[in-house]
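Each chain carries a letter (A, B, C, D, E and F) given by its place in the written order, and its residues are counted from 1.
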Amino acid sequence: MSLLDLFIEAGNLKKLPRTGWLLRGVSNPESIADHSYRVALITLFLADELRAKGVEIDVERALKIAVLHDLAEARLTDIPLTAQYYLDKGKAEKKAAMELFIRTPNPREYFRLWREYEEGLSLEGRLVKFADKLEMLVQALEYEKAGFRDLDEFWGALDSLRESEFYEHFRELVEELAGLRKQNR
Amino acid sequence: MSLLDLFIEAGNLKKLPRTGWLLRGVSNPESIADHSYRVALITLFLADELRAKGVEIDVERALKIAVLHDLAEARLTDIPLTAQYYLDKGKAEKKAAMELFIRTPNPREYFRLWREYEEGLSLEGRLVKFADKLEMLVQALEYEKAGFRDLDEFWGALDSLRESEFYEHFRELVEELAGLRKQNR
Amino acid sequence: MSLLDLFIEAGNLKKLPRTGWLLRGVSNPESIADHSYRVALITLFLADELRAKGVEIDVERALKIAVLHDLAEARLTDIPLTAQYYLDKGKAEKKAAMELFIRTPNPREYFRLWREYEEGLSLEGRLVKFADKLEMLVQALEYEKAGFRDLDEFWGALDSLRESEFYEHFRELVEELAGLRKQNR
Amino acid sequence: MSLLDLFIEAGNLKKLPRTGWLLRGVSNPESIADHSYRVALITLFLADELRAKGVEIDVERALKIAVLHDLAEARLTDIPLTAQYYLDKGKAEKKAAMELFIRTPNPREYFRLWREYEEGLSLEGRLVKFADKLEMLVQALEYEKAGFRDLDEFWGALDSLRESEFYEHFRELVEELAGLRKQNR
Amino acid sequence: MSLLDLFIEAGNLKKLPRTGWLLRGVSNPESIADHSYRVALITLFLADELRAKGVEIDVERALKIAVLHDLAEARLTDIPLTAQYYLDKGKAEKKAAMELFIRTPNPREYFRLWREYEEGLSLEGRLVKFADKLEMLVQALEYEKAGFRDLDEFWGALDSLRESEFYEHFRELVEELAGLRKQNR
Amino acid sequence: MSLLDLFIEAGNLKKLPRTGWLLRGVSNPESIADHSYRVALITLFLADELRAKGVEIDVERALKIAVLHDLAEARLTDIPLTAQYYLDKGKAEKKAAMELFIRTPNPREYFRLWREYEEGLSLEGRLVKFADKLEMLVQALEYEKAGFRDLDEFWGALDSLRESEFYEHFRELVEELAGLRKQNR
């Protein structure tokens, strides 16, 4: 197995739809790669802003986590909540992530980064989790603006943004999002 | 929970793509419901032909199994082979099927039918399995005829058709399919 | 002509969109096969419930009719109402159905079943008609829930459900559907 | 009924796929309007070239025919060959065209133009027929170049181009097309 | 370079989406060719009506302009407003149009027609501009009717229709459109 | 203007297709965001490998460049080669990038990073360029494997990979890709 195989397999993320939108009637929803891209973009700006505010954060580490955090879905697909009730997604992702990283020069490092996200073990891992939720809500906002209507339950994630350790730093951003959402309705 | 909820949930099967094709570059592949429909159609004709040949078969039972056999995917999505290595799909489907059938007037009967397919417990269950594989190969044939090229590995299923107890009855059909495939290449 | 040819031709039902939705701006609507699948599923549960209530109904027959009722559209496509004003769809379907069934071992039986649906000649045929309309309305409900808005005229079918002989048995189901629709608006 | 209604109804041509491609596995084929547009473009250049060669041709008339020739499909959809065997498409189109043109200021003129195409009554009508076939073959060429494979039977139309009265004027064009097709295979 | 090359290149207009809709969340929007087709159709009826009202107008010329007006987009794509702020689209279209027309027998004539549209040099060119805006609004109306919601800014074009020299002739049409829009909201 | 606005605008990259594929008949091609995601992934692994080999490289910088390098296309769309002949894309991107970055806390830094890519001013910028081309070829390989055929001209980029300063480090990877391509044909 080579790095090229890994790059080819990552191509699955472009083909696979985000099933949460699909199941609520968004007919051609974004791909997993679409989502991951904006998570990385958001992570970049939030991490830099934290650093500017004097928070000690490793931006390289945060970006790597953002790029890697959904890679296991290249094998697992985007398993929706309705399925997670029946399947041990966490365990499966862990195993798939390990086997994917085995092909790389630094399997240990990448797997540790992946766990930092999954288990919230580092500031950087938790920041990507914050960015992951924020990204989903920005997308929900866009779909609702376009006319889609069955997306209420996604907005529960707003609470977890507000309860996050990062909320004090990005309160304005989160509340601006919440405000735009109200206008949409 | 009502029958209407069940019908609405079954609507997921129309939205969810069959991931095997998707991952091999078929851009707008059939839905799970598309597949299930033709499985039912094939089951109907094969079951009637078996009966005409003197095989004792319960056609009603076979048709019910065909209609129900993928229903659990309304909650689980079409989990591809690459994921099944990491997830206990069988166990998840069993549990999801049970919880779906709970809403119906005859949960026991439907769950028994579902198990007949899954575990090959009855002639009718095994016939739907045969129809399920046959359907997939007819679809592979159509995609290849249209120009798609990365579908070789699906054709391994031809062997399992040939080893099936139904092969003696449908040899001509199976070999006609195999012949058309050769022409495509 | 062989059964395999029939199965391949039935594949057209997966490719062909239901034109009613398409013409009202649903961009990637369900296929004819998508629709037929859920008609079969609904038929299964309604027929079993009728039987449980002591109604004499042949469930095998009902399921066969459900699977076969739109098969002629594999040749005719889903001709919309705007076209039926100019075309004798009924006559065309009859002829196409006959020529499709000719390839099967029991052309007479299948054609009789098809007529039972088309002309309402049997309880089972009329039940599939009921299921066919119900399926369409469940789909309309889902599209409206997702945000699509130009589907009012489909809801006229609610009246024909209420006037049906099956309404007394499925009043609750039909009215639950009507209620959900009101919430959507 | 107003002109605006007619313009809105013509919007159906954008939504409706050309079913010939769809049934051969081209997953997102061109719309009827896509096709009609290029027929008009081809008509423009061929008509001007004929005029330059001294052929007496009414270019305005030719362009009008090109724009109007598929308008009835806004009500009828693109009924494929498999269906035309069972349906009197010609009669239906005639009636639908008449009723569409009724809303316009000059129903007689437009209907006469439509008949010139349909029945080959004028040089201009026949030129649009030639352009219509040519357009279809250029599209087949493009789909084949992209990788689609099940389009052989369309190329029968090459013969009718060669037998046309316009072949002497556009021999080079037609044979260049035939040559490119050979390279594709 | 041959006419056939030009026809093939015009095929790009079928593949390219109108980016204005795409960027506002319409998932499978019309193609440029879809739009151009209806511009030609609208031009036909408006030009004939003007002539009937005694306005001296060259209908052939108007139709040619309609068919040619977006041809340069086969090379440039539909560059959205957000991009035009950074790019000299006008200059680029002029050059691309010239180079496309070079392949035709009458490059000068076609380029002059194209300029009549672009620069409003003739009555016919300005009529196509009017038809172009009208077409866009009819499409916006249809998308809004289907449920899409982020299209407000397109309706600014209503003012330019009202300020046009053609408004006096098509006041009723324009106001009917404006009225339907109000109902949609 | 806020960071949220920037995140929303970046959502355009999910909606916009990569036009190179679209124009060659790939019907639902990847989005710009799809592409950018894998460029970031490739950059991550190549940068880490370079560092492991003793090359002094700033991985954080490389990842930032990868995430930002196509951001200006959120305003400009993916302008294809056929258009770049008529438009000064470089100048437009520069201006659009500047105006996008103005909204961020560190406009200077981001713009400098963007220029490092665009003008090849740093090792990290040139590595992302290498990753950008490599990503495109991996995608071409996948489309060809799926059956698409009109992608020959993309493979010219193989030469620029071979001429790159990074070729000595990734020779095996590049030649493995070239080898797989030969098998596809």
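The working rule: contacts are C-beta pairs under 8 Å (C-beta built on N, C-alpha and C of every residue); 3 or more make two chains touch, one makes a residue touch a chain.
Values in this document were obtained by computation on a predicted structure and should not be read as measured data.
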Chain pair with the higher count of C-beta pairs in contact (D-E, C-D)
D-E
Distance-wise, how many Å sit between the C-alpha centres of chain E and chain F, to the nearest whole number?
33
Chain C-chain F separation of Cα centroids, rounded to whole Å
49
Express in whole angstrom the distance between the two chain centres, defined as the mean CA positions of chain C and chain E.
41
Note: chain B residues in touch with at least two other chains are 25-28, 142, 147
Can you name every pair of chains that touch?
A-B, A-C, A-E, A-F, B-C, B-D, B-F, C-D, C-E, D-E, D-F, E-F
Enumerate the contact residues on chain A facing chain B in the complex.
12, 15-17, 19, 22-23, 25, 75-77, 79-80, 82-83, 85-89, 91-93, 95-96
Please give the residue numbers of chain D that touch chain F in the complex, ascending.
26-28, 142-143, 145-147
Residue numbers on chain F that touch chain D, as the complex places them:
24-28, 147-150
Under the definition above, what is the set of chain C residues touching chain B in their complex?
2-4, 6-8, 10-11, 13-14, 28, 30-31, 33-34, 36-38, 40-42, 44-45, 48-49, 52, 59-60, 63-64, 67-68, 71, 104-106, 134-135, 138-139, 141-142, 172-173, 176-177, 180
